Every structure is written in structure tokens, then in C-alpha cells.
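Paired with chain B in one complex and with chain C in the other, chain A is shared by the two complexes that follow.
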Partner chain A sequence: MKVLCDREQLREGLAVVNNVIPPRSTKPVLENVCLVASDDALELLGTDLEVAVRYRVGEVKVSEPGLAVIPARVALDFIRDLSSETVALESADGRCTISGGSDSCELVTLDADEFPVVSRFDEEKTLTIQGGTFTRLVGQTAFAAAREAGRYAMHGVLMVMEEGHLKLVGTDGRRLALSSTPVDQPSEDIKPSILPTKGIQLFCRVIEDPLDMVQLQFGENQVGLKSKNAEIFTRLIDGEYPKYTQVVPSETAHIVEANADLMGRKLRLVANVTGDEARAVRFKVERDEIAMFGRSAGRGEAQAHMEVKYDGSGSSISFNPDYVLDGLKHCDQETLRLEFSDKSSPGKFCLGENYIYIVMPITIDT
Partner chain B sequence: MSTREEASAQGGVIRRMDELVICQIAAGEVIERPASIVKELLENALDAGATQIQVDLQEGGARLVRVSDDGCGMTAADLELAFEPHATSKLRDASDLNHIASLGFRGEALASMGSVGRCSIFSRTKTAETGHRITNEGGQESPVEQAGGPRGSIVEVRDLFYNTPARRRFMKRPSTELSRCLEVLQRAALAQLGVGFVATHDGRRCYDIEVGMDLSDRIRRTFGAELAESLVPVEADNGRFRITGFVAPPRFSRRDSLRQMWFLNGRTVKDRVLIRCLREAYRGFLVEGRVPVAFLQLSMDPTLVDVNVHPAKAEVRFREDRHLFGFLLKALREGVQQTDMATPGSSLLSRALVRDGRSLREMRASHPGQTALEPTAPRTPWRVREMPAAPLEIPRPAQQGAPPSAAPNAATDDLRGPFLQVHKTYLVRALADGFEVIDQHALHERITFEGLLRDLRAGRVEVQRSLIPEVVEVSRSELELLIEHRDSLARIGIELDAFGETAVAVHGLPARLKNPKAQGVVRDVAEIIARTGKAPDAEDVIEEVLHRTACRSSVMAGDALGEDEIKSLLSQGQALGAADQTCPHARPTRVRFTLDDLEKAFHRK
Partner chain C sequence: MSESTCSILHIDMDAFYASVEVRDQPNLLGQPVCVGGPEGGRGVISAASYEARKFGVHSAMPCAQARRLCPSMVLLPPDFDRYTEASRQIMAVFQSFTPLVEPLSLDEAFLDVSGCERLHGSARDIGLSIKREIQKRTALVASVGLAPSKFLAKLASDLDKPDGFRVIEPHEIRAVLDPLSVSKIFGVGQRTAKRLGAMGIHTVGDLAHRPRHEVAREFGTSGAWIHDLAHGIDTRRVTPRRSEKSSGCERTFAEDIEDREELRLFLLQFCEGIGFQLRHKGLRGRTVTLKARFGDFTTVTRTKTLSTATNLGPRIYATARDLLERVPPGPLRLLGVQISALEDVRLPRQQGLFDSPANDAQAASADEASSARLGRVTRGLDRLRHKYGKAVVVPASLLGRG
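Coming up: the complex of A and B.
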């Protein structure tokens, strides 16, 4: 293998691939990147067996096609610190030489046959959306997915096509985030898929320009995404996702409209006092006002007030402030709407045109 | 001819026993071994108002027990009656039984001793010119005769059980009998402040308590400086009951109860209510089967307690035991929480050294460069003789090393890093005088548990309700139990409903749980209900229920923690005060290694 490439482009590719490559693995070959030079392209392959990425480096000159498997972290660090415009890669007899200007290093290569096979993107049955939209949908839902052990199906983000919308859902059983976007060429035969949270977050890493279009491909066991330079695939979670539509309250007794940014600031104010240990902040709504109350056995109490739009009969509901703040961070409009019925049924935060966030309240037994 | 026929030939089977046999039988209850004699005679001496008591023993007390006091003494007429059964100066009529303030009162002791040993009593009252002596050998009383001697009384019992060989055979080796006698004496010495005690064995002085010593000094003299310096005082008075004394840190606990002493109005008692109360006070700080060390004096109006329940007077009965229990528990719990609960690293080090099969001394000897550093201080036994199973229980030789440093003062400890997480399980951090190792799961479990308990007691259980209820499969019988106790479960923050015939849907769990695991919590609680047959919020199972709940939902061993998480964990632990030294299962949460320990480990000392 003999390739000449632009240093910056190669570095960018290695950085993307290194996101997937595990820092330590029981299978040492996985700590490597596989360089594949074909007639006119250089591809970088990396995988942790759950997520796999194939990155195509632009502006290369291949003088001799071939393969080399080299330590990914070392290669990235070395190329990042080189100062030349271009980098030459040359491999022969179990060695790979990386040189830039007058500097070079020689890395030991592994047998390319040991490297796992990385799929190719299949252009059939794909869905096209804008990269920035996809990133936003993931950001608005992945945080709500479960992290702790148990309830395996919730350890990922559900992707589903419904009514001409691509919907993403994340839940840990106590809160649920649902964000969707209309799709131009809806194909209704795409089956619902649960993507591991780590995998779907890595998807966003290969989207370099938010204005670029990306393609999604839904397979039997994996979902893939193709961006300008990269193809990335993740294994799916095999499980039954909760029936999320049932938990979205349709009719509620109280509807409050509030400035999202202000609510976030007021809530953080109160949460400073409730701290790590106490969880609940009580939202008391009365004519055109929300009052928030928090208390902690050890520290004391706090309250904050803000003007809102509300003309109901008054009520109150308590939430874990961390949960609410998580959602407010991703709110994409100035005014949010909070809808709830009573202190023990779910609170629904409408945080965007196609973005709702449902939080179960904390009930306090007194 | 059989006995029965012989008896009927004399005209009847049943005969009246003679006085000596009656006394010998009665003596079996009162006098079991030399230590019983020491106990009875000490009580007599103390009831006589002695301020200085000497006990002389030979051959563990089997050859001789002699108790000399400087008390009020007895007159010749008193001596005449001294060996009569049920003759006593301490009770006059039955009504006196209701307010017994003296130690002895049954009037059996001297009569019993007279029947099983060779006794003599010399006594001289404060005002008399001369004293008198009477002897009783196996029930044969001598007449009272004049004799010379100091004021007070000297009672001797020689050749115990010389006339009852069956009992003599039950006596143990002299060293064993001696230690039992000394135990009795030590208890008396700790109970009777203001009285001096001296004991000799075969002419050698083996125990010495001066009149002016207070309880702490007496404990130090009896059990060593390390224990004495680690004790935390307890003091409370509610008008009816008064308790004073000391409790020891949990690491001093033992398998036996020799160092748990209760003194009721100056009398040594071993009462179940009191023992249970102390165990309760140490709950969560001691592993099962360990007996805490404490020295406690309880005083109350004698009419509130019946001491005439047990021949050895060890058990008593309280008239207001519930009140008493609550009063004691509060006072004791406060004391226990102030004790230094850290497991001293030095005990682990010493164990490690012994485990290697070599003592430190041997190691030093094999290291020529270190020999010059051999301390000239008194030689203390380094090797721990018995190897206990649990890490908490290493008894450290009394004078060895400095006492473990007190728990870090919350005000001065700013929890500054760096922190090191080892094996995703232990947190290590430097202290001013060493370092400590913290078990992250044990500490978090304790924090969660205390929080749950506090919320429950304050009636403020915050429940995080579930958007998507978690379904937990259980057996049919468990389902019935869970549904039956649905309301009490809800009171502790576990909200569930039946879901089909073999599952429950969990709608809510305490908001305090960081990583709630409904399945583990529900199954554990079902198991506790099935085993105890009690509602999960019943007072005696609630702690177990909350332990399990906390355990299931805490940071686990194997969870990687960031610096902020570690800091938050440690500061929450610090907010708990002393309670953060053990997890609710009483495993230690932290082990502390002082510079002293390190110096020992590296043979710098």
C-alpha cells in the first residue's frame, strides 16, 4: 500500500474513527484502524463490534492499493502533531511508515484478515433527512434513555416512521422525550428500531456539516447512516419498546405557557438549595404565576416566582428538577407549554413544534 | 435389701432432711465456685459500708478466699446468728422487699458457705475495744470467742467443697477459677466508685484500685489505656432514671459479654432488657453475634425495680420497662454515634503481617540495617493470639501505638482531591495524617439508607412515579403478600399493583433512589414479608426493608465514578457524621491508614 493524502483530511478521518474504537478491548485487533487503499480512495475502518464506521478520506493519491491495520490512537496522535501539508502512508512486510516532510514513524501492522468485516451502505430502502435535523432529534431524545441496568429495551432510542414523520423516542420509565420531523419521501415499511444510545450519538459525530443531507438505512439487525464522508452502522437492541403513545396525555386540566429560558433559570435557582439529596421541586400555579418551592432536610428552603400565562383554577405538581432541566436545555422555542391534570399524573412539556417531553411527578406523602 | 424396703422398715419413706443437707443443697444455688464466695463476701463488705476491701486468694480461691473490709463490723450477738440460714441484717419484714437498696438480702450466703467450707469470721465494730471470732466447719459452729484484730470484718473460707467431693470435681484449674474471681472483683470495682480494692493471689498482688479513682481510671487500670481512651461518655437524666457511663467504639466488641457491664444502683446486673437495649443502640454498627463493650451505671428509685427475681441477683425486673427502654436507647444511641468507628488500618496491617507467618520482630531481625532502630520501649506482644474472622475485631495490645485518630473534623476537612478509584470499587484519598480507603457501595448505601429513614420518620417520603410501570414477576404467594401490604408499602414509597396473576406493576419508588431497581427491591421486600410475617413498615422490620432497598439502588462496586460524583458522595457521607463509618449491614465503609501504620509497614519504626 502506498498513499499520499492531505494531512488535515486524514486527521479528521482518524478522529472520527477513533470515536468508535474502544480504548481498551479484550480483542486487541479492535484497538486498530484498518486502512484500505483502493484505486482512487482511502477508507478508514474501525469498530467495537457494536458500532462500525467506514470513513472515506478525500484528496488522496493512491499509487499502490492495499491494506494495513495499525494502532488507531498512535496513528491519530502522530499525524495530528505532524506539521507538513501532506502525509505519505506506505506499508510493506508487517510495517507501516507514516511520513510527513522530514519526519516519519514506523508502526507495526497486524494481519488484516483478523479485522472484522465492516458492512457497506446499501442504497435500498433509505430515508433522507438533513444532518442538522437528525442531530437535533438525537439530542432531544437520547438524554432521556435509560442508563442503569435492567429494562434493557429502554437503553436505546427508538426510531420509528409514522404518519410521514420520523420519530425518535427516549425514555427511562420516569420521563419520556419524543421528537419528530416530517420526511419528504416517507416509506412506511420501515420497521421500528431501537438504537443503542452510544451508537446513535456516534451517528451525529460523522455529520460534519449540518446542512448536508444524510441517508438512513434500516436493516434487520442494524441501522446505518451515510454522510458525506462516512458510513456508520449500529447493531440494534432486540427488545420490546414500551408503548410510548399510551403515556402521552391527551386532555389535561391545566395549561401553562411560560418563557422557557426563565423557567430554566428559576428552577436552577431553587434546585441549588434542594441539592443532591432531596429531589422534588413543587410547581404551584395560580392565576398567571408559577411559584417553585424546594426544600432539603439538611439545608433549608428556597422559592422562586415567575409570570406565566395561565387562567385555570390553580393547582400544583412536583418534579425532580434535574429531569425538567434536562428537557429545557433542548427546548427549541421561546415559549414552552406545560400541561398536567393533577399532582400524580404525568406532566407534559411541549418544548417545540414537534417536541414533547413527559415527566412523571414526585408525590410527597405527608 | 433395697433402700425403699429399708426405709419402710423404719416406718416411712419420707423423712425430714437435716439442716446441713438443706444448707448444702441451698448452697448449690448460691455457691457454685470460689467466684461465688468472692461475690457474696464483697457484697457483704460493701453493705457494711467498707471503703477499702482486700481479697486474698490461694489456688484460685479453692484453698482460701479471704475478704477483709473496714466496714461497720458485727457484735458478738450478730456473730451468733451469722451462720443461721435466712439470718440477715438487711431485711426486717416483707415490705422491705419492695425497696431493696442493699446488695445482699436473702440471708443465705454465710449459711451456705458454712456448710461447704471451713469458714471463720472475725469482726470488730467501730466502737468495740476488741473483736470476736466464730468458725463454722461443714456446719459445725464454734462458740463466739473474743479475739484481737483491726476494725471491720475478715471472712475466710478455706478448703471449699472439702466435704462435697462431687462439687469439688467441677472446679476448673486454679488459673480459670482465679480469672473468674477477678472478673467478679473487677465488676465490683467498676460499680463501686469510692471504694478501694486490692487483690492478691498466692501472696502476689494482682489487682489494685485506689479509693480516689473515677470510672475512667478504673477502666484504664482494669482493661488498658487503649480502651479507656476510646470511650465516649454517656450521660442522661430524666428525673426518674439516670444513666452515666461509657460506650466503646464498635471495633472493641467481643464474642463474650465480659466487658459489657451494667450497674443498677451500684449492683452488677445482667439483665436482658438492658442488654437488648444496648444492642439496639449499636444496631447497624455491629455485625451479628458481637457484643458491644460498655460500662453503664443506671440509677433509679429502688421501688421501680424488683431485684428479688433470681438467686444470683443478676436479673431484675423493671416496673416501667418501656419508658426505661426509650430513655436508655436515646441516650445510648447518641453516645454510640459519637464513637470512633473507623477501622484502624494498623489492625489490618498487623493481621497481614501475622498472616504472612512472620512477626514484625522476626522481620526486623532479618533486616540488619534496621536493628539499630529496635525500640527499647516495653516489649509488647505483636502477634495476635487468636485470629478472629471479621476484620473489625482485632484486639490491639493495649500500649501499642497511638490510639487511632479521631474521625476527621467536618469543619476542617474540605474533601480536596485527588481521589483515586481502585477497581471501580474503592476510593482512596489522602488525609492530613495518612490516607483512607472508602468502599463506594457501602458508603452510598449508608447515605441512601439514612436518607430514606429520615424521610420516613419525617413523614415526607418523596415518590418518583413511573411513566411506564416496571413489571416484576413474582410468585402467586408473594403477589398475595405484596397486595395485602400494599398500603404499608406505599407509606415507605413503594407503590405497586397486581399485574396479572404472577406479576406486579411498580408505579413508584422513593425519589431518593439514584438507580432504582424495581425488580430487586420488590423481590427483597416480598422475601422479608414472607419470612417475618410482618407489614414492611412495622418498626422491627422497617430498617431491614430500607437496608435492602438502599443496597439495591446504590452505586455498585464496579461503577466508574467521576471526580464530581466522588466528591458529592464523600460530602454527603460527611454530612451524616459518625454514621457514615459503616454500611447498614455494619460492614465498614472506610479503613484509615495513619502515617504511623505506614511507618510500621515500612519498618521505619
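Coming up: the complex of A and C.
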């Protein structure tokens, strides 16, 4: 293999691929990147067996096609610190030489046959969406997915096609974020898929320009995304996703409209004075006002007040402030709507045109 | 000065387990009775009667060694139900004098009787009454120490044992403390005693006469602490309910056990017991730790923190069982479970989205939904257990196991 490439483009590609490659693995070959030089292109392949990426480096001159499997982290670090504009890659006899200007390094290569097969994007069952929109949907939902071990199906983000919308759902069983966007050529035969949180977040890393269109491909065991330079695939979580539609309240007794930014600031303020063991802030709604109360056993208590639009009867509900703040961070619009029925039923935050966030309250056992 | 008034009592039962046995089997009276065992394996002595102590037998001694010292020893297996019952009666006696009771174990407690004088007479009278009352209600003998502080009270109850009653008045502190060995100080074990000995400090008096900074320099904060105690200064208060950090159960097996099924049964037994204890105390916990010691004494622990705190045996067991899977195979000498990150059940609790019956079928949330159901069932079972004893309801797989 013999290739000449632009240093910056090669560095960018290696950086993307290194996001997927595990720093340490029980299978050492996975700590490597596979360079594939064909007649007019250089592809970089990396995988941790759950997520796999194929990155196409632009502006390359291939004088000798071939393969080389080299340590990914070292290659990135060396190329990043090179000062030349171009980089030459040359492999032969179990060695791969990286040179730029008068500087070079020689890395040990592994047998290319040992490297796992990385899929290719095919054009079936695909869906086209703007890169920035996809990134936003992921940001608005992935944070709510479960992190603790045990609830297997909740360890990912659910993607479904429904009524011409692509819907993403994340939940850890205590809060649930649901964001959707209309898509142009809706293909309804796409089956619901649970993407591991890490995988779907890596999808966003290969989207360089938010205005670019990206393609999603839904397979039996994996979902792929194709951006301008990269194809990335993630294995799906095989499990039954909780019936999330049943927990979205449709009719609620209390509806409050409030400035999202102000609510965030007031809530953070009060949250400072809540216990470590029981983070709870009580929201008390009264005519045109929300009062928030926090207390910390043995330390003290705090309260904050804000004007809102509300003309119902007085009521109150307590939430973990961290959960509410997580959602407010991704709020799409100036004014949010909080809907709830009583202190033990879910609170529904409408944070955007197609974005809702459900948070279960905190109650006290009697 | 309130600190110097004598109002702290330390009450300690004499050879408690052994005395309960002798009380219940009068033919054993006068014989060297020990509780512990089993004799064949790795059993140790849990309690030795004063007759047995004359032979040099003491608690924590391996049974085989005790037998060599005292061939006529009567060794009985422990019967904790009877000891617990006696303990309950003793604690009730304490409670009838003051609510400020700090139990240290089944048979030992600190009491603060300051302010009880008008109701029950002087501290000395209360101490004597308690001793009499315990004798009357349980036919067991207690040793009582009365002093201005916890440390001195505990020391006092030990000075006249058995059947002791000893008061250390503020003015006699020096006279009592000075000749004692430093190892009598709470917190001075073998190693500290040895290091003190190397510094020429053998008695409490030696220690008290050294400058405080010198001891503190050698032993750090614990140096300052033992120096204070050597002067009879102990500001710890009697705290009726010490906040508990963890609750656990472990057992050393008579013979190493390799069979995982057998080990799981022990785990279930431990977890059921821990759950019951927690519920009884109004607590729940989040962090489950499993401890396993192999035949060669290497010990491993495995820990998992649950998403929500629990005090239900089956939930603790489900986690403990998973943790056992992460212990390498091999014969185990000891197995134990502990639950920590305890909290009051009255603390606010995060509700779950998928707890409602409509979602019962959901595999992912089944644990929470079933926890709610299990909680309701357990409340009923606990009422039975409190009325008829713990053994009245047990998981079927534990039927017939002690």
C-alpha cells in the first residue's frame, strides 16, 4: 500500500474512527484501525464490535492499493503532531511507515485477515434527514436513557417511524424524553429499533455539517447512518422497549406556561439547598405563580418564586431538580408548558413543537 | 459541672449465653459450661461460664483448644432465640428507667440516668434497682458500673465482675486508673500497647503523665484520644439509636462449600434475614456487597448499587445471587452479604414511570411492579412473623433449614 494524503483530512478521519475504537480491548486487534487503499480512495475502518465506522478520506493519491492494520491511537497522535501539509503512508513486510516532510515513524502492522468485517451501506430501507435535525433529536432524548445496569432495553434510544414522523425516545424508567420530526419520504415498513446510547451518540460525531443530509438505514440487527464522509453502524439492542405511549399523560388537571430560561435559573437556585440523599424540589402552583421549595435535612431550606400563566386551582408536585434541568437544557422554545394532574402522577413538560419530556414525581411514603 | 456527675451506667451480663443455658438447665450448675462450636470443625467459643474461665477458656478461643484446657467442659450449641428473648427482657428493664439506652450488643448497654433522680432516686439507687430487677425478671446476673463517662462506666462494670457493682466517683478517678494496664483503655489493642510499652508506658498512670503532644505526635489523633481517656476525659454521649451504616449477615462454614446451589440457599437465608431486620428498623438500603472467603483465606468482595433502595429479601437476594456469579469458582470457607447506603423509609422516593399494573407485563419494569406487590405481601408476612416468630413463614426452598 502506498498513499499520499492531506494531513488535516487524514487526522480528522482518524479522530472520528478513534471515537469508536476502544482504548483497551480483550481483542487487541480492535485497538487498531484498518487502512484500505483502493484505486482512488482511502478508507479507515474501526470497530468495537458494537459500533463500526468506515470513513472515506478525501483528497488522496493512491499509487499502490492495499491494506494495513495499525495501532489507531498512536497513528492519530503522530499524525496530529506532524507539521507537514501532506502525509505519506506506505506499508510492506509487516511495517507501515508514516512520513511527513523529514519526519517519520514506522508502526507494526497486524494481519489484515484478523480485522473484523465492517458493513457497507446499501440503499435499501433508507430514510433521509438533515444532519442537524438528527443531532438535535439525539441530544433531546439520549440523556434520558438508562445508564445503570439491569434494565437492558432502556439502555438505548428507541427509533420508530410513525405517522410520517421519525420519533426518538429515551427513558430510564423515571423520566422519558420523546422528540420527533416529520420526514419527507416516509417508509412505514421500518421496524422500531433500539440503538445503544453510545452508538447513536457516535452517529452524531460523523455529521460534520448540520446542513448536510444524512441517510439512515434500518437493518434486521443493525442500523446505519451515512454522512458525507462516513458510514457508521451500530448493533441493535434486542429487547422489548417499555410501552412508553401509555405513560404520556393525555389530559391533565393543571396546565402552566412559563419562561423556560427563568424556570431553569430558579430551579437551580433552589436545588442548591436540597439533600444529597433525597434531591427533591416542590413546585407549588397558584394563580399566575410557581413557588419552588427545597430543603435539606439538618441544613436549611430555600424558596423561589416566578410569574407564570396559570388560572387553575392551587396544587403542588415534587421533582428531582436534576431531571427537570436535564430537560430544560434541551428546550427548543422560549415558553414551556408544564402539565400535571396530582402529586403522584407524571409531570409532562412540553419543551418544543415536537418535544415532550415526562418526569415522574417524588413522593413520600406514609 | 454536669460532666463530673456520676450518671452513666454500663450494664453487662455475666457470661450471658452460658448463664442463660445454666438457668434453663439447672443440672449444669457449677459445671464449666461453654456456648459455641461445633467442636469438630472450626467452631469457636462464644461464651464461657466463670467455672470454665478458671481453666483458661475464654470467648473466641477455638473449641479444640478449649477442650484441651478443660476436658470436662460442657459445650452447647448457641440458641439465639432464647438469648434474644432474655435480651429483650433486659432491655425492657433499662427502658423502664430511662429512654437514654444505648445497646452495645444483646447483653450490654450504656444508660444515662441524669435527670431521673426525682423519679427513681440517685444514680447509685437506679443501678442497684436495675441489677435487682434483672435478677428478678430473668434470673440472670448483671455487673453494673457507674461513672461520669462511658469509658469509666465500662471500666467500672469490668472491675468487680462477676456480680459486680462498682462506682467510680470523680475524685477517685486517678486512684482507680493509674495502676491499670494501658490495654484497659478503649482503643488500645495489642499493637498500640506494644508501641506504648516501647515508650516506657505500661500503666494508665504512665500514659496520663506524658505530655499530650508527645502521645499525639506518636499516634496521631488516636494518641490524643487515648491520652484523654487516660485522664478519664470522655465526652461521648449516650445515644439511644446510633444511626446504622449497614446491615449484614455472614457465616463461616463447618466445611468449605463449593456447590453453588448450596451457597445460593445460604444467600437467600441471609438476605431474607437482612430484609426482615431492615423493615423492623424502618430502613432500606441501596448497596449490596457480597463477601466470599476461599479455603486459602483469600477474600473477595463484589458490590452493586441498586437504582432504588429496598428492604425486600427477594430483591436483595436477586442482586446477591448475581454478585455470587462474579466470584470465581472454588470452595468457600465464608460467605456473607451486607447492605449499605441505608436510608429511612420515610424519605421522599422517586416514582417510576412503568410501575403501574398496566405495564406489569413489561420485562424491563417487572422488578419495580413486582416490588410494589411484594412490598404489600411482605407487610402481611411481617405481621405474622412478629406475632408467631420469624420461622412461621419462610421461602419454600429454605424449609427445614435452621
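Just so we're on the same page, the second predicted complex is superposed on the first by the 363 of 366 C-alpha atoms of A that agree within 3 Å, B and C clash if a C-alpha of one lies under 4 Å from a C-alpha of the other, contacts with A are read in each partner's own complex, and residues count from 1 in each chain.
Throughout what follows, a contact is a pair of C-beta atoms (placed from the backbone, for glycine too) under 8 Å apart; a residue touches a chain by one contact, two chains touch by 3 or more.
In this text the structure is predicted, and so the values were computed from the model without any measurement.
Student: Could you say whether A:Gly298 touches chain B, chain C, both of them, or neither, answering first, second, both or neither?
Tutor: So A:Gly298 only meets chain B here.
Student: Between chain B (first) and chain C (second), which, if any, makes contact with A:Pro346: first, second, both or neither?
Tutor: Both partners.
Student: State whether A:Tyr152 touches chain B only (first), chain C only (second), both chains, or neither.
Tutor: In the superposition, A:Tyr152 touches chain C alone.
Student: Is A:Thr171 in contact with chain B, with chain C, with both, or with neither (first, second, both, neither)?
Tutor: After superposing on A, A:Thr171 lies in contact with both chain B and chain C.
Student: Can you list the residues of chain A that touch chain B in one structure and chain C in the other?
Tutor: 148-151, 154, 171, 173-176, 242, 247, 277-278, 280, 318, 320, 344, 346, 358, 360-365
Student: In their complex, what parts of chain A are in touch with chain C?
Tutor: Interface residues on chain A, with respect to chain C: 148-154, 171, 173-176, 239-243, 246-247, 277-278, 280, 318, 320, 344, 346, 358, 360-365.
Student: With touch defined as at the start, can you tell me which chain C residues reach chain A in the complex?
Tutor: Residues 304-305, 307, 343, 345-354, 356, 358-359, 362-365, 367-368 of chain C touch chain A in their complex.
Student: Flag every residue of chain B that touches chain A in the complex, lowest number first.
Tutor: 447, 451, 454-455, 458-470, 490-491, 493, 508, 511-512, 515, 517-519, 568, 572, 575
Student: Considering the complex alone, what residue numbers of chain A touch chain B?
Tutor: 148-151, 154, 171, 173-176, 242, 244, 247, 276-280, 297-298, 318, 320, 344, 346, 358-366
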